[in-house]
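Next come two complexes built around subunit A: one with subunit B, the other with subunit C.
Take a look at the complex of A and B:
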């Protein structure tokens, strides 16, 4: 099993520890990850789409062409990349005139969108491997750990294009959390956006959304949050630190990228993951699952 | 901008007019939760009542997170998030896009990524046992932006 790995920008350039965890878990599961030569940023679903939707689609299509040339489906590690690349893939397959327009542009750079591959998020790839097979790798079940899943908007919406899970009441991520032996707790306003899209214009107000979410997570008595997207990670892990500093110590909720939890459940030593780069210490969770915590940088 | 742009006229006629002002979009909107003066229902009302210029040149359209919740919950299929994208595209053509949005496009033209490649991240990647960041040949990206008449957005770049 092999995929064209689409890394994007945020994970490799801002939160590379997320890449470490994803690569490790996929390696354990026997998935081969192939580099995409000259792939750029996906085209960012917020900034680029807002400035000019057609340019956004064309840049995404160029990235799709690279995987088409490799003859491989794309695996995205970031939900922003997932929305962009999947939207472009589905839309250009569906809408002929738009596809012709985009191909006219692409022909000038020697490429052509053919519509021969699929774009998958990490959970889809795990589904393809098979949940039972993934579970069979779990050697250190995260028994007793109460996890609040945050799906993130761009994984499930707009649903007519992404068609991955229910857009307002999704379940797939929760099942994958439970497969590690942890418990997925329900909490209020589970689908509330992390607010990353607001950061570009008003970071302070984006902070309000972070604070609200953390409040609901704490109220539910969760030990930690789990996310699937670097933007959500930045919001809840890094911005939580800001909330904490301003509120004098309120909220100390560790946040994990799902592959990190999977790695821990599969016996990967915590020091092999970049947990020390988290800005909200994961120590309480490691203790709860009986592991020593690596030294923190914060 | 005197005349209503054609794209907007079509969108209002085919989508916005179906809004029956139920407010479901407002109830589920994260930005409305964080910023009370942001109200997608009122935005649709304004478009129906012909206040498109004020809306297009105002700050509010840039506060949407594009979470697409309104798109999913609207009983009338108005598709607000897509209308906001169209409004932002039009405002961009008029030179009204906020700095933060334009910055990422400039960064993209320069490096192919929207985040900068810093020495610090290179070091971190090494510590994490990750491969080096590949420098991208941005020729194709720049050409695509140019051909898409995206230059107006990148004026500073092209000089």
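Take a look at the complex of A and C:
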């Protein structure tokens, strides 16, 4: 099993420890990841589309062409990239006049969109491997750990394009959390957006959405949050630190990228994961699952 | 004073309406179902932006489009605060697709020179590097420490696409 790995921007350039965890767990599971030469930003689901929809489609389509030339389906590690690339892929496969227009733009850079590949998120790839097979790799179950899953908007919506899980009451991520031995706890406003999309326009409002979610997660008595997107990670891990500094330590909820929890459950030593780069210390969780925590940088 | 201002802001001045405005949006991809809106308000009830600041409302933006309040709509900060979480789109009983309507409005606003600074700055980095963040020494070191492969910038192709 092999995929063209689409990295995007936020993971490789701002939160590279997420890339480490994803590469490690997929390597353990026997998935080959092929780098995509000359890939750029996916096109960004919000800001570039705001400027001009056709240019946005062309930027996304150029990335799709690279994987088409490799003859591989794309695996995205970021839900923003997933939504952009899948929307472009589905739309251009469906709408011929638009495809012709985008191909006219792409001919300037010597590419042509043919519509021969699929775009997948991490959970879809894990589903392809098979949940039972993934479970068979769990050697150190995260027993007793109470996890609040945050799906993130662009993993499941818009559902008529993404067609992955229920858009309002999804379950797949929770099942994958429970396969590590941890418990997925329910909490209020589970579908509330992380607010990353408005952080370039209004940081205060973006922070307000973070606080609101953290409040519900704490109320539910979760030990930590788990996310699947670097923008959600940025909001809940890094921005949580801003809330904490402002309010004198109000919240201290560790946040994990799902592959990090998978790695821990599969016996990968925590020092191999770059957990020291988290801005909200994961120490309490490591203690709970019986591991020593690495020194923190925050 | 404040309530007076709010009232003036919500006044509809019939003389200033642009009756062709709704049709211009209807012709754009994403704006096709605009006229189906019957103002039920499920979009605003679902909206995280409305939740943290009740001055903002997708329902009102759509009503104003239909009334032809072109200038107020294109200057409304809400269109930039919409994070495209698509909760409203999933729930809308009339399939209006509000986030896509916001995209159409943003594309129009940009043509009139309205663009938040934060997004303009991101664009500049993208033009220069092909990504949203530059690959600086700090990042390169951190990647090496984490055992990750070296990354290249992709400028040429992206620049040409943007010029097209």
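As a convention for this text, the second predicted complex is superposed on the first by the 298 of 298 C-alpha atoms of A that agree within 3 Å, B and C clash if a C-alpha of one lies under 4 Å from a C-alpha of the other, contacts with A are read in each partner's own complex, and residues count from 1 in each chain.
Criterion: a residue touches a chain if its C-beta (ideal position, glycine included) is under 8 Å from a C-beta of that chain, and two chains touch if they have at least 3 such contacts.
Please read these numbers as outputs of a predicted model, since none were measured by experiment.
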Combined model on subunit A: subunit C and subunit B, fit or clash: clash
Partner chain in contact with A:46 - subunit B first, subunit C second, else both or neither: both
A:205 touches, of subunit B and subunit C: first, second, both or neither? both
Which of subunit B and subunit C A:171 touches, first, second, both or neither: neither
Which superposed partner A:34 touches (first subunit B, second subunit C, both, neither): neither
Subunit C-contacting residues of subunit A that also contact subunit B: 9-10, 12-14, 16-17, 19-20, 23, 35, 38-41, 44-53, 55, 58-59, 62, 105-106, 108-109, 153, 157-159, 167-168, 191-193, 195-198, 200-202, 205, 208-209, 212, 274, 277
Touching residues on subunit A, where the partner in the complex is subunit B: 9-10, 12-14, 16-17, 19-20, 23, 35, 37-41, 44-55, 58-59, 62, 105-106, 108-109, 111, 153, 157-159, 167-168, 191-193, 195-198, 200-202, 205-206, 208-209, 212, 274, 277
Residues of subunit B touching subunit A in the complex: 30-31, 33-35, 59, 62-69, 71-73, 81, 85-86, 88-89, 92, 97-98, 100-102, 104-105, 108, 112-118, 121, 124-125, 127-130, 133-134, 136-141, 143-145, 147-148, 150, 153
Contact set on subunit A toward subunit C in their complex: 7, 9-10, 12-14, 16-17, 19-20, 23, 35, 38-41, 44-53, 55, 58-59, 62, 98, 105-106, 108-109, 153-154, 157-159, 167-168, 191-193, 195-202, 205, 208-209, 212, 274, 277
Subunit A partner contacts - residues on subunit C that touch it in the complex: 29-30, 48-49, 51-53, 77, 80-87, 89-91, 99, 103, 106-107, 110, 115-116, 118-119, 122-123, 126, 130-135, 139, 142-143, 146-149, 151-152, 154, 157-158, 160-162, 164
